[in-house]
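Step one of this worksheet: look at the structure below.
As written, the chains take the letters A, B, C, D and E, and residue 1 is the first residue of each chain.
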Amino acid sequence: MLTLLAATPLVGALLVTLLPRGDAAAQRRAKYVAFAVSIVALGLSLGLLAGYDVESGGYQFTVQEDWIGQLGAHYALGVNGIGLTLILLTSILTPIVILASFNDVLPGRRSANSYFAWMLVLEGLALGVFAATDVFLFYVLFEATLVPIYFLIGSYGGEGRQRAAVKFFIYNLLGGLLMLASVVGLYVVSRDAGEPSYLLSDLMALDIDGTTEKLLFVGFFAAFAIKAPLWPLHTWLPDAAKSATPGTSVLMVSVIDKVGTFGMIRWCLEIFPNASEWASPVVMVLAVISIVYGALAAIGSDDIRRLIAYTSVSHFGFIILGIFAFTTTSTAGSVLYMFNHGLSTAALFLVTGVMIARRGSASIGAFGGVQKIAPVLSGVLLVAGLSSLSLPGLAPFVSEFMVLAGTFTRSIPLATIATLGIVLAALYILIMYQRTMTGPLQPQSAVVTDLDAREVGALAPTLVLIIGLGFFPQPLLDVINPAADRVVERVGVGDPPPETGVAPPSDDDHEGGH
Amino acid sequence: MTTFWIVAPLIVLASLGLLFARKAVHAALGLAVVMIGLAVLYAVQDAPFLFAVQIIVYTGAIMMLFLFVVMLVGVDSGVSLRETLSGQKVAAAVVGIGFGLLLVLGVAQLSLGPVTGLAEANQHGNVYGLAELMFGPFVLAFQFTAALLVTAVLGAMVLAHRERLTPRSSQAELAAQRLRDYAESGKHPGNPPTPGVFARHNAVDSPALLPDGSPAPGSVPDSLVDRGQVLDVTTDDVDDVHRQIGRRGEGEDEK
Amino acid sequence: MFDYVWLLVAFPAAGAALLLTWGKESDRFGHLIATVASALSFVWGLVLFIGLLGRDGDDRSITDSLFTWFSSGAFHVEMSLVFDPLSALFVLLITGVGTLIHVYSIGYMEHDERRRRFFAFLNLFIAAMLTLVLAGDYLVLFLGWEGVGLASYLLIGFWQHKPSAAAAAKKAFVVNRVGDLGMALALMLMFAQFGTTSIQLVNDSVGSASAGVATALGLLLLLGACGKSAQVPLQSWLLDAMEGPTPVSALIHAATMVTAGVYLVVRSSGVYDASEVARTAVVVVGLVTLLVGAYIGCAKDDIKKALAGSTMSQIGYMMLAAGLGPYGYAFAIFHLITHGFFKANMFLGAGSVMHGMNDDVDMRHYGALRKAMPVTFATFGLGYLAIIGFPGFSGFFSKDKIIEAALGENLWVGLAALLGAGVTAFYMTRLMAMTFFGEKRWRDEVHPHESPRVMTIPLIVLAAASVLGGLLLLGDWITDWLEPVVGHTEHHELAVPPIVISLIVTAVVAVGVAVGWFTYGARAVDDTAPTKVSPFTRAGRADLYGDAINDVVVVRPTMALARGLEWFDRRGLDAFAVGVGSRLGELAQGLRRSQTGYVRTYALGIFIGALVLTLALMAVTF
Amino acid sequence: MSSLLPSVDLLSVDRPPIPAPELDYLLLSPLLVVAAAALIGVLVEAFCPRGPRFVVQTALAGVGALAALVLSVVVYTELDVVEGAVRGIGETTGDGSVVIDGPGVITWMMLAVFGLLGIALFADRKLEGGLSSFTGRAADAPGSADEAEAQRRGVEHTEVFPLAMFALLGMMLFATSNDLLTMFVALEILSLPLYLLCGLARRRRLLSQEAAMKYFLLGAFSSVFFLYGAALAYGYAGTFSLAGIEAAVVGRSGDDALLLAAVALMAVGLLFKIGAVPFHAWTPDVYQGAPTPVTAFMSAGTKAAAFIALMRVLFVSFGGVAWDWRPALWVVAAITMVVGSLIAIAQSDVKRMLAYSSVAHAGFLLVGVSGAFGGNEGGNDITSVSSVLFYLTVYGLASIGAFAVVMLVRDAGGEATHVSRWAGLGRDQPLLAGSFAIFMLSFAGIPLTGGFIGKWGVFAAAWSGGYWPLVVIGVVTSAIAAFFYVRMIVVMFFTDAEEGGPTVAVGGVATTVVIVLAAVGTVALGVLPGPALDLVQHAGAFVR
Amino acid sequence: MNEYLALSMILFTIGAVGVLVRRNAIIVFMCVELMLNATNLALVSFSRQHGNLDGQLAAFFVMVVAAAEVVVGLAIIVSIHRARRSVSVDDAHLLNL
């Protein structure tokens, strides 16, 4: 099932590549095929969700085949609640991105076939990454995702794309290679303990010597921190986002960067619980710095795409903070945050992408009063923006609050500083909105026409999900909670009990009204 | 031992010639001295076969090859004496001295224990001993050395041998060509043959021969004609000349 | 019946959703849908209220848990609504005043092409506000809290083409967010401390926590309240918020939303009961705002800003009362309700005036409008009497009670409150005089006229409420009604009987009115504001430099920091990362030069390598 | 002084006959067949008319290499397990001078494949208008009328095929020599033909000759160091046999200084061949100047042979003093990686870039060697030997493939090796550029290419040996190194072609096949390396 | 015994230095030959030290190898001389950077 899911986009990519190229009709056909493939993948992952037994939790749909026996590498897939959430995110966002990217203007006379093929490749690899339960397989796919993004930025992006692509690649590769060192070390550790194996389950059973564990942890964490991205390793992101097409940015920030935070939970916490605990003070401080720094830098940005990138730095700070607070609430909140951030950032990138494409400039100053001529666009931007600033009632709020509340039980000062992020978030979103959408219509932004039906169609699902999950996040949380529980249990810090006990809210209270 | 102390300084001095001799020839001679000196030391060290080989192969063949090339490229071929790389000499000297000291002080001072001597190994004779090794443990090395030698030959061929692509034109052909050119474009056919052209001798008294083999008039100084000292040219001679230098020319003539 | 409390929220919410997603064809009747939705809510609220009346005093709190909002680990949040005496009052106030304002807006916004959206936002506001007051969990309250903030943002900035409106909207939101910081932290603290954010549970168990926790909670909640209720130091947004259409100012920035802070404090009575420090802080905040608002109200020529200053001041009273603890909670709510009536009335009246004056807000351009707009004048006059505390009018009772309680708590606090009453009388008199009395100072092109029926009827209804609001105090009904929720304790015995205090208050008010009248009513008013004024006036006009202080202390440093950081990120951090790369590149170029092309250099390299390698290996033995 | 009169010795009669050495011809058959192919090639050169000579030589060399491959496989299956301290397979022959063991035979296979691919590139005559990449007549002065005439007449040096086969022979022997003397001879056998081949480029002949001279002088220089080291080792142990030296080392029967000096000096010669810093300087010049097919063959083959020889010497003979030489090798590995990667960044010529890349890869390979990890009890571990073998395979494939692509990207002046000339290649020739990208990604060690598994292997070996800091240096350098591989992709795919950009010549079938094979191999070894890993692991340790 | 070794090392070093300082390719090459000879001396000496002929045989092989090397080397030098009319190693530095 998982194999089929991951293979679908990859096969689709091949198909799209092989389709005839050239004239507009051929390009259109390629787009439709790509979209159809991504819809099929979405269907499959919904099937996955339907088939997932929430009650029993744990890893399901597991597949395990020997791959490279000598290395202890397996072709092992499986999803738990966390992986499932991110798989859903990936397969929801891809069709949206493809649909939204239909009319992207590609530089030179590059063909749409490869553009969409790369997107599908990226989707396939991302699905694989989230499903991998073998470190080696994960690593391979993790690194392999660099290639499609590299091409998506470098080949199809805007100004400065080559530089940004190289920077992206080298930066992330550096992280990946540090992780490689740890992956290698893990092999040695596991081999010395008996048969080499990269299976998550086998690695969890290992008793790793303290220093070694820290060493290995650092390698993994470095890769994920760059990917996530965590301050001060984030500087590749604004450039990459600035030069990429909106669709690429969405896939990169909303999906692939999640691999970083996902990896922290799946690998750092699960395999190196002691080292994770050892590192958590530093990581949490860095995360808080990310939150505030990213928000401030976003406020100071003039380029809309850089701004969104910085907001993501800030949001990723929250996610990482939640993960390393080691409470069920914050961990589950972080996972939910990954999903929500994916949605809201996707909406932001896509809607600003439309603006930027029509205006031909990404500078905030190049807009003004757009609301007057493009009310729908402006409304979508506002909702997306509000979700980014975690307005209650929109999806990210719940997750952000869970993260903060969980963190608060761990460290009051850090949680307090992190909370500053919500004020700053209001600033960066509203300043951007104010300067682009409100005020008298600037003549130069009169070219920005309102969203057309296709664009609305692409964006509507994200908005519906953002609002829906704002009020009804519990179904998703039900999927996430058991996995989050297990992770926290694994780290072994445990949820701190309330300082002052209250009579535990009895069931009567909950169902009182009904 | 005495031999060593006599020969060794000579060797070192000669080898220094490689460093300081201005001319390649001098350096080569220095090297030759070194080699001969070494040959002596081989002999002293119970290596009569090597002694011989050193003299024959090294000094005899290899050094000759060197000298030959030195002559080929010109004894004085201009390698300027000005050092082009700054600091190269100093660096080389420093590193060299360091390296030499390291080896000599670090390695050569060690105690190797008593010298076993080659009496036993040479009991059936030095050459036999060597042969035993060469056709024993080192037979493969010995055999594959052939590859080395073939390679060397092949290399020399590739780099130095110039396969003729076109047959060499005979003088007759050249002359005919000249006249054809004259007929067609009026290009001056050049001076008439000087003495000795197409003749068996280069001496002034042998007249130049015309393409048909007859003596070219005026190719011998008049004074000699007057004295009757002109070499007689017979048809045989012409045939000889044809045979030697212009077979095809002759064929064409016949046509 | 009480299972359907959620319908209260659902009606306006559905209205908002409908109007926002429905296309242009709904432009014609969209406002009606919204009004009906609001009215339905009101009617349903009334029904529920009556149902509540029919219950015993101890049985008047109904919790309606809709669904689990989210639950993870120890954190469990129910989407629960609580209908109890306190929220019931608010429901009626909100839906009642709200519906009237909907009606009023039909006329007021008639010519606005985006009227449908305006009504959608109004409905959104009603829904959010109801969520706020009905919430059974602090987090749900926070949902409403932010919801009203959003509605406020949208409505202040409704005329987005005006940069000032857009800026004001943003400012309101951001300043509120600062308050939310406190709220959010309070919520986290609750979770960490009690493992729940249920209002009921937190307030029940806060007593058993340490005093520090209660104080911290109280102060954090107060910060939130300050933001929403425009209390010092987060007051600055309210005056700018007058950029919004006047009905908005009436509904949100006078009657309902801005009082949410008071509601929060009262709702968290358990917390404040447990912390003396927190209560004192509330009192101080209320007192300061009371005076600051009044001061500003005296200096403004913009009718809406003058009213806004007044609003701040009046909410200061409420906060003050709430800060008195069980002595004052009920009076805070009482004043809140009466204020809701008369201030909404006056704002709508101001709107009516503006409507007649081509949206001119400068009172110096008014004068003698009493004849041109008789209904407006009459209703406004009744509101005026209510706010200055003219005996018998609702404001008289509610303000009197607060001053009384304040005096009972602390003489100086009481005196300051008393002073505030005088100043209120002064600036309201000034406002009345400048607007309705004196010589007409209109511009020539302006032809003041009375507003249409659809606008005046709400005015009349609200005027009536302003007059009659005091009835709630009859037989201490309001304190008894609220007692199950907030408890009530009579304040300390005063040195003088209450009637004496009432007289003193009335006297002070009279002085205020007199000063106001003789300054502005009896004398001609310049139609342009005098520029040579005392520093005090100048300070008042500049909102006591609140914006300037914010600007210097917060805004500019933040923006500078933001720009600096952004610059640092590109030129510092990123340049460092890139710089490492380019340094490597330079290093590479340098190393590349080692490749000279001279074979002897290479040989030297080999020789050196040999030497070093040998040396290194042999060093092991030496 | 009696020995000065050898006649006395020669006359004595009571000498026992010298027994014929025992040679296992089956085990030696791959060597012999290559040697035979080379020698027959020489005869062909002498007796075959010019017309069919090129084809005959190509076929001969190809068949020779192919036969070597097949025979190597056969030999491999014949090897017996040797239980020692560590498991190995194989045996010695020729009185112990050659050892046919697992690693050695696998190297043979590898070399035979590289030889085949190299021969295929040698044989491409489509690129130069019906002529090979080699100069028609090396004896002609560059730019002379004679040269033009030779060019016009289509004269060619078909000697390159026997020379290549000799080089191949040398490499194969080098990898399986079991005594230092044989090793030295093998070193020279592999070097001399390469010196010659380097000087035979058809275009840019001055550069080519210069490359030959540099390679020759430095090669001779460094091989003397090796030889001197071997002499010192002999002085230490009294024997040239690797196993004999090992015994001496283990017994510490000599003087340490002598031993260590021997290790150091031998290392100089070997490190020179693999191109480790600071003995690397010849690499870029030679790689750039040599005819590209030669560069391709040499880069893959020499490195493979030299690495196996290096490890054989270090592990077999000097394993007992590993603690002494490992730190030094450690440092060399680190410097090699860093310097190679760094200078590569600054290159603007594709061939030079690939040369520095080969230096960097030597560093990565040395990481695997420095770990000197021979495996645990279990036996099925990734050891230094197996990881280096695997790495050499993937590096060699990618390297030959990359140089083959270089051959095809041409403009009027021959190969267009300046990086900027490659702009837009990906758009015009997606498959060609795609293959090159695969090679680059493999070099960079991106997963799903063989290069990744290779890197993983050497790092695993180093870490197993306890050298994790070296692994960290390795990965960081990999990131630096990735920069220029990635830059090639940028140039090819993301940059628009400049006016008059390079035209891609349609290479002969042979070159295309080489590129395809290399690309397929590179990907296959990345996706399913299992069988190959099995092979290299089964090879076990070196047999004495 | 040690003195032979020392002589060999001195010669070896002189040869190495010669490679570094001489610019005439032929002389450079002669220096390499000197180094080879130095090696041979060491081999022969060690041979006597250890009492086996391996060293001597090695020296013999070295001579053979040297002969082949000389042929190839001189051929290369000659061909370069033919192209450039120069045997200076410094003149050949077109390949750099």
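What we mean here is this: a residue touches a chain if its C-beta (ideal position, glycine included) is under 8 Å from a C-beta of that chain, and two chains touch if they have at least 3 such contacts.
Keep in mind the model is a prediction, meaning the values are calculated, not measured.
Least step count on the touch graph, subunit A to subunit E: 2. Looking at subunit A and subunit B, the chains that touch each of them are C, D.
Most remote chain with respect to subunit D, judged by CA-atom centres, is C. Distance between Cα centroids is largest for the pairing of subunit B with C.
Of the two chain pairs examined here, A-C and C-D, it is A-C that is joined by more C-beta pairs in contact.
When each chain is reduced to the mean of its CA atoms, the one lying nearest the mean of all protein CA atoms is A. Subunit C and subunit E have Cα centroids lying 95 Å from one another.
Subunit B and subunit D have Cα centroids lying 34 Å from one another. Each chain gets a centre from the mean of its Cα atoms; for subunit D and subunit E, those two points are 24 Å apart. Spacing of subunit A relative to subunit D, judged by their CA centroids, is 45 angstrom. Residue positions 138-139, 181, 185, 188, 192, 195-196, 199, 213-214, 217, 221, 232, 235, 257, 261, 284-285, 483 of subunit D are each in touch with at least two other chains. In subunit E, 5, 12, 15-16, 19-21, 23, 29, 45, 49-52, 54, 57, 61, 65, 68-69, 72, 75-77, 79, 89-90, 92-96 are the positions where the chain touches two or more neighbouring chains simultaneously.
Annotation for subunit A: residues 170 touch two or more other chains. By the definition of touch given earlier, these chain pairs are in contact: A-C, A-D, B-C, B-D, B-E, C-D, C-E, D-E. Residue ranges on subunit C touching subunit D, taken from their complex, read 581, 584-585, 587-589, 591-592, 594-595, 597, 599, 601-603, 605-606, 608-610, 613-614, 616-618, 620-621. Interface residues of subunit E, counted against subunit B in their complex, comprise 1-7, 9-18, 20-24, 26-27, 29-31, 33-34, 37, 40-41, 44-45, 47-54, 56-57, 59-61, 63-72, 74-79, 81, 85-88, 90. In the complex of the two chains, the subunit D residues touching subunit A come out as 376, 378, 380-382, 427, 441, 444-448, 452-453, 455-456, 459-460, 463-464, 468, 471-472, 474-476, 478-479, 482-483, 486-487, 489-490, 493-496, 528-530, 533-534, 537.
Interface residues of subunit B, counted against subunit E in their complex, comprise 4, 8, 11-12, 15-16, 18-19, 21, 24, 27-28, 31, 34-35, 38, 41-42, 45-47, 49-50, 53-54, 57-58, 61-62, 65-66, 69-70, 72-73, 77-80, 84-85, 88-89, 91-93, 95-97, 99-100, 103-104, 107-110, 112-113, 115-118, 120-122, 126, 129-130, 132-134, 138, 141-142, 145, 148-149, 151-153, 155-156, 158-160.
The touching residues of subunit E, when paired with subunit C in their complex, are 16, 19-21, 23, 89-90, 92-97.
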